[in-house]
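Order as written gives the chain letters A, B and C; numbering starts at 1 within each chain.
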């Protein structure tokens, strides 16, 4: 008894003395001062290099080109250019940004795949190299407009577009038939709403629409597309937030109303693109916005319960047109790379028209003339004609240095409006005031 | 008597139900997983996902083969981490529990404070350090990193464990002519076996479970660990919950086997030892 | 000059025993820990080398002026207090149950180990799947047993989502508490209970007067561990909700991740990280003090 309680109280008596804290704190402070001299000395500045040797490239595991595709491209490149040896790493999309950031000061990678929303951030923070001088002027004419805009920030190029994508409207043709809805009416968002009402009242599905409205970038992608359709814009000409004005508010009101009317699946606010695909593929939704990849998977009997019923259309038009969200990606040369010439040669090769056309089935080329090539059209006859129409008309998310923080603020406020905790106007006003303070700093 | 068995059954149901659902999901075809009303038992159970994980050859660019390699990596990393941390933790913990020295509390709490730091804060400087040492994307790099997390854990649990052992035992050993170190190694450590095993078991899981460091520090199959491999199943455009479930079921096996192997010693050892009063 | 003497020899022996641990831990973290502290004094907005303004304690001041910080701190405190409270209560209850004369005790103990062995990443994905408002097992179960056939959006509203994440966390992490308490229970001599029984103490009183005070050390150990882990919670949020809906499940660690990584505000993120340590420390100290008082009251 005595022993036990004494051991017990001894453990509980373990607590730091004030003196101990002060001494410990002093030691950390001293070490901090010493280390301050070395601040910033940890990283390396990039160099052009010899145009030969080893380079390391960072790709992602999903979407667009598969790991096999990329490995084939790498070996073909090495055959043609034996003096450069490429090793390719693959990570999930979610890890891509953080990996690029963590690896930047160490100069681990020479080539990195970047999303369309990152050139401003990575360019201004010196994470990826400015390759404007390497860009042939002819590319600007030969590539689709949305592609050219992808790696651009502040008049400079921070990479070469490689994966081109936007969101299309997918519909379940069997559902539409059951509800007696003509697919032609899906040409406008008003028509989509009418169709959704008919599908709901006809008892075809309980919630005809499903969206990727989880608090994530996916939400901003859907919002961007609607924002464009309602004639809004993220920023005005002076670079100030403008989404809290007419078109932006109407877009959010539209989104909220589809939830209130029971047309949108209530799980939308917790869904990412893959959740959209799942719900749509299981036949529990009739209409959905999603990236190109859903067409193949939703028509695959192994993955879907509605194979053969899935059709794809250009995004519906609103009062002000029908821009698709620019969801492209580009290959960039890392600013910390010691071998930037070799890295550029590799980027040039994999983004070339010939290589892109060869793998058109995985990802559509950035080159305009490819869309008239029968061999390319044949790879995906349903999607290519829609893509040709859509890819010329894309809406960019703001190309600003603090985009991520701005997007986070917008995501949170849009969700508050979708949940009915704020009016769309109030939510967007609040997001705009946060965005302005971010843009100032 | 009946009461406690009823309670045990209720507890078992609460614990097992989610796990059972994981198991069922792993053998349900995708189509059934997406049914609006859950199929509590799959109509067409499939072992395809498990086969895919075991069949394909290593080095191939498919998720399942990477998964197998990741299991091996995780096992090696977690085992080495546990061994190192347990040894240094068992020695250091003894000092905290039994010896009087200056800054005892301060140093114990400094170790604990390290454990309190969120990994996010340390990722970038650690990445640089590992890059300079050429240890990025290696199992060694992960072991070194994980030891810095698991060791404070071991120190804390072991020092508290020693306090529950009677102090007169080592005094007796000292009287018998043992040196301090001799008393620790020959008398105390064998007695502390249950504490060592419990600490080791939970230390193993800390390393087995770690996600963020591994996500950032590894990039090829030679060092990617299980949590990272499973996270890659849930990627932007390709996620089949069944595959995650199958991965999860398999990832549970090694720690579970360890726990079952050592369980007898962990709890039983305490009762049969010289501990009881 | 037996063991209890202290003095130089003892100090030197302690140093010898602690040296390996110090090398293993500080050899790795000293540079990052110091560097992160230095970073917290600068306005560093890029991982790349460059010259950044020294701002002293400005980043720390900014944290306290940041309204979002108080929100995420609130979520974190709620998550930590509720999850550790539930884990502890359930853990002690289950440990007492497993310590009782059950048939096939090994079987019950093995069952309790299961959730612990499931990686957090998978645990998060599993519960996200169970809670799914469209085809989740929880709604399916409520429907099957006839309680409700209107699907609930478990992760659809901020506060409910936070609580559902806590449930997932408690399901997994109660088992570590069970095992620590179970080990603690073994050190309580049976004769204590017998003595109490002779005194005519009821089981409930015996539990509070004998078991709980003697379990205090084991509770302290595991409470501190769980508090630290809960305060740092990141992985399960990352997998289950991504901080949503409407930021309702954003915790301090997740917020730090967003600031330091997504937004590349490294100085600010570093300041946040150090404040997390201070907060956990304060919480841990408060617990230890409470337990010590509770234990004194119990023993006397």
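Just so it is clear, a residue touches a chain if its C-beta (ideal position, glycine included) is under 8 Å from a C-beta of that chain, and two chains touch if they have at least 3 such contacts.
Treat the numbers as computed from the prediction; the structure is a model and nothing was measured.
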- Task: Could you tell me which shape the graph of touching chains takes: line, ring, star, complete or other?
- Result: complete
- Item | Of B-C and A-B, whichever chain pair has more C-beta contact pairs | B-C
- Task: Please work out the Cα centroid separation of chain A and chain C, and write it as a whole number of Å.
- Result: 33
- Find the geometric centre of each of chain B and chain C from their Cα atoms only, then give the gap between the two centres in Å, rounded to an integer. 16
- Task: Find the geometric centre of each of chain A and chain B from their Cα atoms only, then give the gap between the two centres in Å, rounded to an integer.
- Result: 34
- Message: For chain A, give me the residues that contact two or more of the other chains.
- Response: 4, 7, 11, 14-16, 42-43, 98, 101-102, 105, 278-279, 282, 284
- Message: If I count partner chains per residue in chain C, which residues reach a count of at least 2?
- Response: 31, 33, 35, 39, 47, 134-135, 187, 189, 217, 220-221, 261
- In chain B, which residues are in touch with two or more of the other chains? 34-36, 96, 109, 124-125, 160, 163-164, 231, 234, 277
- chain C to chain B touching residues, read off their complex: 2-3, 6, 10-11, 13-15, 17-18, 20-25, 28-29, 31-33, 35-36, 39, 47, 94, 97, 100-103, 106, 108-122, 125-127, 129-130, 134-137, 140-141, 143-144, 171, 176, 179-180, 182-184, 186-187, 189, 191, 217-218, 220-221, 224-225, 228, 231-232, 234-235, 238-239, 253, 256-257, 260-261, 266, 269-270, 272-274, 276-277, 280-281, 284
- Note on the structure: Within the complex, chain C is touched by chain B residues 1, 4-5, 7-8, 11-12, 14-16, 18-19, 21-22, 25, 33-38, 40, 84-85, 87-89, 91-92, 94-96, 98-102, 104, 107, 109, 111-122, 124-126, 129, 144-145, 147-148, 151-153, 155-157, 160, 163-164, 167, 170-171, 174-175, 180-181, 184, 194-195, 198, 202, 205, 208-209, 211-212, 226-227, 230-231, 234, 241, 244-245, 247-248, 251-253, 255-256, 259-260, 263-264, 266-267, 270-271, 275-277
- Counting only contacts in the complex, chain C reaches chain A at residues 30-31, 33-35, 37-39, 41-42, 45-52, 132-135, 151, 153, 155-158, 187-189, 192, 213-214, 216-217, 220-221, 241-247, 258, 261-264, 285, 288-289, 291-292, 295-296, 299
- Which residues of chain A touch chain B in their complex? 3-4, 7, 10-11, 14-17, 20-21, 23-24, 42-43, 58, 60-63, 66-68, 71, 89-95, 98-99, 101-103, 105-108, 272-274, 278-279, 281-282, 284, 291, 293, 302-305
- Message: So in the complex, the part of chain B that touches chain A is made up of which residues?
- Response: 30-31, 34-36, 61-63, 96, 103, 105-106, 108-110, 123-125, 127-128, 131-132, 136, 160, 163-164, 166, 215-216, 219-220, 231-232, 234-239, 277
